[in-house]
Amino acid sequence: MPTVKVNGIEVEVAPGTNMIEAARQAGVDIPHYCYHPHLPVAGNCRMCLVDVEAGGRGPDIACNMQARDGLAIRTDTDNVKRMRRSVMEFLLVNHPLDCPICDQAGECRLQDYYMEHGQHHSRLADEKITRTKRQDIGDLIILDADRCIACSRCVRFSDEVTKTGELRLFNRTDHTEIGVFPGTRLSHHYQGCLADICPVGALTNKDFRFQKRSWYLRAEPSVCDRCATGCNIDVDHDHGEVFRYRPRRNDAVNKSWMCDFGRLSYKRLAAEDRILTARGPEGAEGVDAVLAGLAAAVDAAARDHGDGSVGLVLGTRATNEANWAMLRALRAAVPGARVFLVEGNDPDAFDYTDDLLVHADKNPNTAGVRLIAEADGAVGDAEALRAALADGGLRLLLVLADDVLARLGEVRRPEALAFFGTWANATSEAARWVLPLAAAQEVEGSFTNFQGRVQRLQPAIPAAGDSRPGQVLAAGLARALGEDALPAGAAGVFHDLAANVPAFFGLSLAGLGAEGALVHREPPTEQVAPPDTRPAP
Amino acid sequence: MDWIQIGIVAAKIGFAVAFVMSIVPILIWGERKWSAYIQDRPGPNRAQIAGIRAGGLVHVLTDVVKLFMKEDVQPTAAMKAYWWVAPLIPMIVGLMTFTVVPWSSDFAIPAHSFGDWPAADLTIPMQVARINAGMLFILAFSSLSVYGIMLAGWGSNNKFSMLGGLRASAQMISYELAMGLSVVVMFLVYGTVRLDEIAQQQAGSIFNWGIFAPTGFIVGLIAFLIYWTSVLAETNRLPFDLPEGEAEIVAGYHTEYSSMRFALFFMAEYAHMIVGSTLTVTLFFGSYNIPFLRPETLQANIDGVLIALGCLGIPVNLFFAWLAWKRRRRVFYLSIRPDDPRQKEPKFWVAVWTMAALASAGLAVLGISRWVGMHLLAAETAVLLLHIGMLLVKVMFFCYVFVWIRWTLPRFRYDQLMNLGWRMMVPVAIANVLLAGIWVIIRETFLA
Amino acid sequence: MTQQVPGPEMTTGQKFYVREVLQGLWITLKHTVRNVLNADENFTIIDYPDVKKVMPERYKGAHRLTTRPDGKVKCVACMMCAQICPAKCITIEAGEDPDDPVEKYPVQFQIDMLRCIYCGFCVEACPKDAIRMDTGIYEINGFTRQDLIHDKAYMKDLKAGKKPLAEDWYREHPEDAPPGYDVKAPKLREGY
Amino acid sequence: MTDQAHNGEKVAWTEQELAEIEEIASRYPSRRSAMLPVLWMAQHKFGWLSLPVLELVAETVGVPPSEARAVASFYTMLKKKPTGRYVLQVCHTLSCALNGAEEIIRHIESKYDFDENGNTPDGLFTLERVECLASCGSGPMMQVGEHYYERLTPEKVDEILAGFESGEPLPTPRPEADEWQWNLQS
């Protein structure tokens, strides 16, 4: 482990770390444009020039400087400030004054560093060189070559990450501009990332274009729910309205990227087919009334036809907490209820899969539900459900989140169906009771992605309409069934889950951290008590 | 007492009420217009009838209409009886005090002037009631007006109203003392409390006026200053208008009053001003007397007086006509449209003042014709009118002084007000009474 | 706590107030006489509705949106004015105009004049000189609250002297009226 | 050289050319390194590097087409616009300018009707102002193809251009007896 000095602060870093990352560990921010932690080093913006005190010679760029023992750099000397000012001057010489119409304004590195380090008066007497503005180069991207500072991040992204190589720097010297080969368009499904990595406003997101100035937005960390990868995202919202998703860095899951399908899925939060109100046999009645009606039906079915006439289908699109709370609620009231897990993709899932981020399984929590099912030990699969439906013994079926009817195909429908879901689908159409489940970005809870990584969800915006988190609906159902002792609240439910499901032993919701935590591959034989991070009741 | 006498008394009562109530709107207009001239602005000048704005007098009319039309808001929690009766008291008091004020020398009708009437020589006193208490009646009655204010403050059931009422009553009671003491000087000097007698004694030279305390100079002046200051305080006028500090201390006792009820308070204040001015004139400034012209001299030389008056009136009225004509050059007239009815107003006023000048000329011709001097009772009537006119002029002057002072001086602080009242004016007034007594003794003993 | 600030001591003569009062009365009397003799000519006032003051160039009146030579507003909906506005009275909805070299324009631009405090920060903040308060219009009035929400069509190159009531404007240009506004019968006293 | 004939038409290599490209590519460890020679070949073959040509080159070398364009746009000697048969590159740097380069340029401009790309309508000439071509001792001068024409006067230019117009083989530049001559390749 080499030890380096940044501004006199000694810091020990992993071998191969470059000095921008080392300085970050030392608490020093080195300005940079072209460097990106998940892209190869290009070293062409020169913004990260630092003075080398020892272990090297002269000023050098920090991004291309690997940490080695004895290396000492300074970022606070007058020389460094002068260099930064000069670099800024060159970068801005031909930069248009587009800030008023540029979507990047407010999150633009040029603006930030200009305010911090720039030369605040222009010495340019000649006409600026202009380049092509407003080029529609992709389904999600507008290119404004005039604003480009030729950092080549996008070029490296399309070469190294998507490996499509559409973007290149054309011409030379101060006429250099970014662009695609005339007549072609971006072909990959990670176009939104280009807008994210562009440090200036050259590549902007067509979907977000002019929708909101960035400084009005507040970002809340969350997890994408469109496939089993579970990309970490920031939910940018203002006054309860979500304007965009941006990938949140998580080196273990999605690095700094996310696919366009997930990126645009924020629209589903305010989609017209959201289930916003509870619906019972007598029409819309309010969540509590519908839950009471459902509970009465469950009681009646169990009393008249035995416990086996009541069934529950766990939801691969619902959180761990929603599934566990539902399971516990039903098992407590109707011990002999039958539970199933039906895997597969819903009709509303997008049809695209690659080996970069987009997983074939389009459900965010399949792995978690499998672990819960394993721990329960008595959960049937799709075939079992089909058989149970066919013999007519299953009279009342509770479905959590998934479009089970579509997944099963042609089956005999149960006598009565209750659906806890976020969006309308075939199952909700057929259901007698429909309860609005809050979307993933509106709830507290966790998803377990295909790697077995449990990732925490935090509510970014208030739940739309009457919708409520799964564990709240489950607790309501339990209360209606006469079971008051079950834990309520996401932290409490997860605590209960971590105490009962071996793969989750020792985990806690608050302890998951920003990067999530892996479940136990080989579950410990001894039960490990989870740390109690539940809020005081 | 026969019906004719009753009729005469009723007419006198009617005159007294009309005298006060017709000056009130003029004062309301004056408050606005005179203050405007003090402050270099034109004052009310928008309301017009056929383009004639009458210097803003039309506004008073609109005010009346407005006050009648406004909603009469009655606070739910108010004590209804007190609240109802409170606005009436100051108004009644204001009119009542006018009862004993003389407005002319006695009107004598010789026996058998009209056939067999009157049977004997008839002398009609030109005041509503000639009672021996005289000035004491006024002092007694004017003290009652504080009840109106206290009841209004208390009955509104509003803490700001009540504070205002307390403020006002404390102030009014404080200054009543100094006022009474300053009037005592006049009693000493003239040897009577009857206003008609005081008025008679002030006839002739202006040195008979109370302000010169017939010739005890300083005594009369001090008495006048104290009296006038007290009148300002009694009528709640600036610089002593703490009872109604609208901007700073939430108005006063009349906060809860609106519409005509408020108007009653409002008019009562002006009625008090008129009464206060009348008393000042009666006590200190020769009452109805025309300087240097005793009533009998006046009656003997009535034709000459009319000639002089007419000749004086012609240039004065022409001067006003010239002013009105000059006014058409004002920016206002230049900037409004030619077809605006207000464009003809200067011409209208020129015509009015020219007619007044012609009337003056007519007056002079009347004097020259000696018609007045030769006719039965015409000279007496002319003297009566001249006296009333003189009184009116003097009263209007002091009303103007009220307004003048209001728009000149700032408001006293409450502690300053109390200090001035109790620690300055009362001792000075007592000392002044002492001084007056000494002067009267000296006068009676050595100069009689 | 209030603090007593000692003023100058009054002399004995001043404590009687008489001379000082007379001095004051003399001053006001001089004014009165002068004004009567000059027949109202020397008043330093403006007979407002008949005579209107021409405001100085830098007077902050009603806002206008300046236009480019092609007639479109200069505003690019950058939200700087909405951001700086201390009264938060500016509402802008941005839109994209692909045919225009300036790609962004305000679909809707409204200023709630009832909220506006005329600080002029929006003018200072504007990077495009798109909003100005140089109209000299100081009579900003209307019969409804809706009248006093000035919108883009109304403020576009608003000139002093031709300033109509918003109500009249909407009658002549019904297409500019806000949604739900009945041009024929504007609801008076709405929102009271 | 065909001028703009490949616009809109399918461009392709001949078998012989493909073999030559393979030979060039085999010289480098990475095939994309053959980019520059192949571009040069393409320019010789097609006259200028139109977008279809660039696509062809990229396909041949095995890179995305954008890379071929990026490389081509970097070098001014690789023509991205249609050029005439003869490219008149007149030096206008200091020595030539002092000796009347501007006069020569104006003279040529007045002789033909050049369009915005500097081409004559008949596609015979392209006029370009270029920076120093290292023949400062014999200015004003111009380069046509690979030959230098030096100590130019308007009359001399007329004579040279008339030679080109007549369609005769390239007239060899007349060597100045006492001066050093440098030809690019010959």
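Chains here go by letter, A, B, C and D, matching the order in which they are written, and residues are numbered from 1 within each.
Keep this in mind: a residue touches a chain if its C-beta (ideal position, glycine included) is under 8 Å from a C-beta of that chain, and two chains touch if they have at least 3 such contacts.
Predicted model, so just to flag it, every value in this text is computed and none were measured.
Rounded to whole angstrom, the centroid-to-centroid distance between chain A and chain D, based on C-alpha atoms, equals 54 Å.
Measuring from the averaged C-alpha position of chain A to that of chain B gives a distance of 88 Å.
Inter-chain spacing, taken between the CA centroids of chain C and chain D, is 68 Å. Per-chain Cα centroids separate chain A from chain C by 49 Å.
For chain D, the set of residues that touch two or more other chains is empty.
In chain C, there is no position where the chain touches two or more neighbouring chains simultaneously.
A linear topology is adopted by the chain contact network, the touching chains following one after another without closure. Checking each pair of chains for touch leaves A-C, A-D, B-C. Residue ranges of chain A in contact with chain C, taken from their complex: 97, 99-101, 105, 133-134, 209-211, 213, 215-216.
Of all residues in chain C, only 15-18, 21, 24-25, 27-29, 31-32, 35-37, 39-45, 47, 50-51 touch chain B in the complex they form. On the side of chain A, the complex with chain D involves touching residues 164-172, 179-184. For chain C in complex with chain A, the touching residues are 76-80, 83, 94-96, 98, 101-104, 127-128.
Touching chain C in their complex are the following residues of chain B: 34, 37-42, 45, 225, 323-324, 326-327, 329-332, 335-336, 404-405, 407-409, 420, 424.
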